[in-house]
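In order of appearance the chains are A, B and C, and numbering begins at 1 in each one.
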C-alpha cells in the first residue's frame, strides 16, 4: 500500500535488519529462526562426542581440499629427485612422489597432511564412541531409528573413505593393505576375479588404482557422507535432543540452554577447540611418515603391516581365521578369507539392525526422549559390552605381531588366544556386565529406601554401633526411581475364549522368550515403590 | 572456576530453597520435584568476577591474534628443511612444529574464549521447552491420505495397467545402460591369474645384483630373491608382473627336504618358491633359516619350506607354489617352466 | 734439529734407527704386500688361537663341545667363521644365559681383545666368514637410496621399514636395529645368526651391504630427524591408533567435559 511508509521504515532499520529482511523475502528465514533460534539443547559432555565427529569431518574436508592442490593421483612412474635424500633416484609413482613433495617441499604441507590424517583417526574414533553413547543410553529408540541408521552409514562410509584415503600415497604400507583388499575380493565366490579386474582395471596393481581411489575418496564417498551429515543434523534439530532423566525432565519437554547465545558460543567454540587440539597434535606427533615406508612394490613388504585402527578389526578377523579352503568341481571356495568378510559384514550389520530388533522385542511403539541409564537396561548394556569385547579382541588379533614383540609373547599364542576368546569373551562379558548392572540397580534401590551411607558411625545406648544413613534429597531420589520398567511380555492363554487351542506363531514365541530375557524375573530389579519407601521411612530411621 | 568467597549481601535471598514441586513430594515421595531453581554464579552477582571473566575472554582472543601473527612469522622465518631438537619429541621440523603450535593455539584460544564467555557471562538459566509428537494428528493423516487417493485416482495409474507396467519396465531397464558402461572398467579375468613371466629356460636373476644366479652363489641358510630374465624395473608393467613372478630362493641340505616333489623340482637343495602368499598376496619372506619356516608378515601364515611349503599355521589355505628349476649349459640357474598352479591368493575359478 | 743431531752419537741411537727402519719397512711391506701379511702375522695369530682356545674351554665348550663340534645344547662352530663369533659374542648374545625361543642381545661379557682371540680360535677350526674390516662396513659415502631399496627387498619384511624389529613365529623375533653397530649389522648379514638367513657376498656384494648399513644409519640413527614430530616408535598404525584414541580423543573428551560442565555456583555460606 503506502510506499512512503515502507521507505520510511527501511530507512530507519539498521543494515543488518535490512539484509535479514531481504533474505526473509526470498528464503523465509524469520519463520525458520522462530522455531530454531532459541531452540533448547541439553548440556552433557557425552552429547558432544557427535560434535567432535562433526568438527573433525569439517577439518578433514578443509585440509583435504588443500591437499588436492598438490597431490597427483597418478601411477605414472618417475624417478624421485626431491629433497628427501634416502629416496633420491628411486622409482616411484607420481602419487608417492607428490606425497613426499607435500611433506618436504611444500611449506606447511606436512602439517596439513598430519592434521588431515590425525583428524581422520579421531573422526572415526569419535563416531565410534558417539555411537556407543547413543547405544548404551537407548537414544536410538523411536523416533530416532532412522538417524541411527544415518549415523551407522556415516561410520561405515567413514571407514572406507579412510581406507581409500590412506591408500592414495601408494606407499609400501598402504599398498600392502590394498593388496590384502584385492586378495579378499578374489576370495568372493563366483564374481571375485571379475570385481578385482574391474576395480583395478586389470591385474593387480595395474595403473588405475590410485586415480580411481582418488575419485572415490574425494568425491563419491565424502559427497554421500556430506549429505548424510546434513540429514543427520536436520533430524537432530527436528527431533530435539534427548536428555537424561531427572527432576523437571519429562518425555514431553527438553531442558537446557538456548541455541542463541549459549549453544552457539559453546558449539561454535568447541569447533575451534577441536581444530586447535588436532593442529597441536599434528605439530607434535608424526603420523604415517610415508617417506620412511618407501614406494609400493608388490614384491616388497614390511613387518608390522597394519591398517589404520578402524580397519583393525577386519585385519584381526582375517589374521585369526584358520586357513580353510574347499576345492570342488574345478572351483575353490576360499573360506579362510570369505568367512571373515562375512563376519565383518555381520558384526557391522548387527549395529544397524539392533534398534529394530529391540523395538520388536519390547513391542514399544512410544516415543522416547528420556535416556536410559545403562544399568537400567541390563540386557541391552550387556549385549553392547559383548559386542565391544568381540571388537576389541579382533583389534588385538589385528595387532598380534606388535603385541608379540612388545609384550614378549608368541604370535601363535596370541592368535590362539584371540581365536578362543572371540567366542568365550563376549559371553563372559555379557554375563559379567549384566550382573554388574543388576548390582547397580540393587544399590540404587537400597539408596532410595535406606538413604546414603554417611560414613558416620554412631554408638547406640546399648552399645551397638550403627552407621547413620542419610536420606536422599527429593531430587536425587527422583533420579533413581523415575526410569520406566517394562513388564515381561506374556504369550497369553494357550486356548482362546472358546476353548480352542490358539495357534501361536513361532516368531511370537521367540519374541516372548527374548522379552523375558530382557525384562523377566531376575533380569531386572523391580524399582522401589512409594509404599515400600513410606513403610521404611515411617518405621525406623535406618535399617 | 571454583566457588569463591563473596559478600553475603550480594546473594539473592530466598532463592534455591523451594522448588515448585515441593508440595507434591510430601504426598508422593517419588513425585517429580520439578526443575531445580536456578542458582546464580559468582559472575551473576559479583560484577568484579564478571569483569575478570571478561578480561580472561579478551586475553584469550588476544593470544589467538598473536598466535596467528606467530604463524605467519614462522611461515616466513623457518626454512622448510630446518631440523631442531626439541625434548621430548626428538629431531623435528621447526617449521612443522611452529606452524602447528601457533595455528593450534590460535584456534584453541578462540574456542576457549567463546566457551569461557558462554560459561561465565551468558545466562545459564535452564529452561524447558515443549516437545511435540512427531506423528501427525489423525485429522492431518486423514487429510493426507485423502489427498493422495485423489491424486492417485486422477493420475489413473491404477486403472491404466498398460501405462503402469511399461513405465515400471522402462524405469527398471534404463539403469542397465549405466551397468553396461561399467564393463569398460577392466578386462575379463580369463586365465590371467594362471600365468606368470616364468617359462622354460628363463634364468633366475638375482634381484640385488641383476646378475643371473649360479648354484654355488646360493649358500645353505641364505635367502635370495629372483626375478625372471628379461624383466626390468623400468618396464611399464613391472609391478603387475613382479606381483606374480616374485621368487624366493633358499638352499636346504637335500637330506632335510621331506617332500618328494620338492626334492625333484629343486637343484642340489636349492628350492625356488613363489614369494606371493597364497592367502591374500603379501610378499611372504620372513624366512627362518634354522626351522625352514617362512612367515607372512601380514597375517602370519606360516609355511614349511622343507616340506613342500605346506601351511603349518595361519589363514592361508594351500601351499606356496614351487618353481621347477635346473641349470643351463652355462651353469646358471634357470626355470624349467612356469609355475604349475596359479600363484597368490586363491580365487573361485582356481580349482 | 740441534737437539737431534747432538744425540746422534748416543749409544742407543743405532737401536732407535734400527727400530724406525724396521717399522717403516714393516709398514710399507704391510701396505704393499697384503698377500704375505698372513705369514708375517702367523706367530701372533697362533698366539691368539692359543689364548682363544683357553677362553673357549672355560666359557663355551660346555655347550659347543670341547673341539667346537657341537652338542645337544649348542650347534657346531666348525666353519662358522670369525665374523659369527665377533657378532655373537660382541653383541652379548653368547654366552647364552637361559634357554628360550631366541637368545637375546645383552651387555657383552668379553673384551674386544678376548673376542678376537675366541674368533681366531673358531676360525682355525674351519674356514668361514671373516670378521670384516672397517673399509668393508663403513657406510661413509655409500648410496643411501639404493640401500633403502635393498633394505625393503631383503630386510624390511622382518625388521620393519626403518629397522624397528618385528615378530617371527613362536616367540622368536627380528630384533630392532637401533643402536646396532655397522660392524655387527654387516656380520649379521654375512653369517645369518640364529634364524636370520645369511646374505653372502655371492648374492649380496659388499658394496650393497654398505649401502644397506648407510640406509639404516640414515633412517634409524640417533640423529635421524622425524620432521612430523615424535615418531611413536615408528611402528605404524597400531601405535598411531592407540595414540589417537588415548591422547587425541581423550583430550577432546576432557575439553568436552569442560565445555558442558555447569559453571561453579556462588555458594551461600
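One rule holds in what follows: contacts are C-beta pairs under 8 Å (C-beta built on N, C-alpha and C of every residue); 3 or more make two chains touch, one makes a residue touch a chain.
Composition by chain, UniProt nomenclature: B = Cytochrome bc1 complex Rieske iron-sulfur subunit.
All of these numbers come straight from a predicted model, not from anything done at the bench.
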Topology of the chain contact graph, where touching chains are joined (line, ring, star, complete, other): complete
Chain whose Cα mean lies nearest the overall Cα mean: B
Separation of mean Cα positions, chain C and chain B [Å, integer]: 37
Whole-Å gap separating chain A and chain C, where each centre is the average of the chain's CA atoms: 47
Distance from chain B to chain A - Cα centre to Cα centre, in angstrom: 15
Chain B residues counted as touching two or more neighbouring chains: 89, 93, 96-97, 100, 115, 119, 124, 207, 225, 283-286, 297, 300, 313
Shared-contact residues (touching 2 or more other chains) in chain C: 153, 157-158, 166, 168-169, 174, 226-231, 259, 261-262
Chain A, residues touching no fewer than two other chains: 104, 110, 114, 266, 269-270, 273-274, 277-278, 281-285, 297, 299-305, 400-401, 411-412
Residue numbers on chain B that touch chain A, as the complex places them: 19, 21-22, 25, 28-36, 75, 80-81, 89, 93, 95-101, 103-115, 117-119, 122-131, 133-134, 182-183, 185-189, 192-193, 207, 225, 227, 233-234, 239-240, 242-244, 246, 275-276, 279-286, 297-301, 311, 313-318, 344-351
Partner chain B, residues of chain A touching it in the complex: 39-40, 77, 83, 91, 104-105, 107-108, 110-111, 114-115, 143, 176, 179-180, 182-184, 186-194, 196-206, 208, 238-240, 247-258, 261-262, 265-266, 268-285, 296-305, 315, 318-325, 327, 330-337, 340, 367, 369, 400-401, 411-412, 415, 474-475, 477-478, 481-482, 528, 530, 533-534, 537
Residue numbers on chain C that touch chain A, as the complex places them: 101, 144-149, 152-153, 156-162, 164-171, 173-174, 215, 218-219, 226-232, 234-245, 247-249, 251-253, 255-257, 259-262
In the complex, chain B residues that touch chain C: 1-3, 5-6, 8, 10-11, 16, 39-46, 83, 88-93, 96-97, 100, 115, 119-120, 124, 206-209, 213, 216-219, 221-225, 250, 283-291, 293, 295, 297, 300, 302, 313
Chain C-touching residues of chain A, taken from the complex the two chains share: 43-49, 51-52, 85-90, 103-104, 110, 114, 118, 121-122, 125-126, 129, 172-173, 266, 269-270, 273-274, 277-278, 281-289, 292-294, 297, 299-309, 312, 399-402, 404-405, 408-413
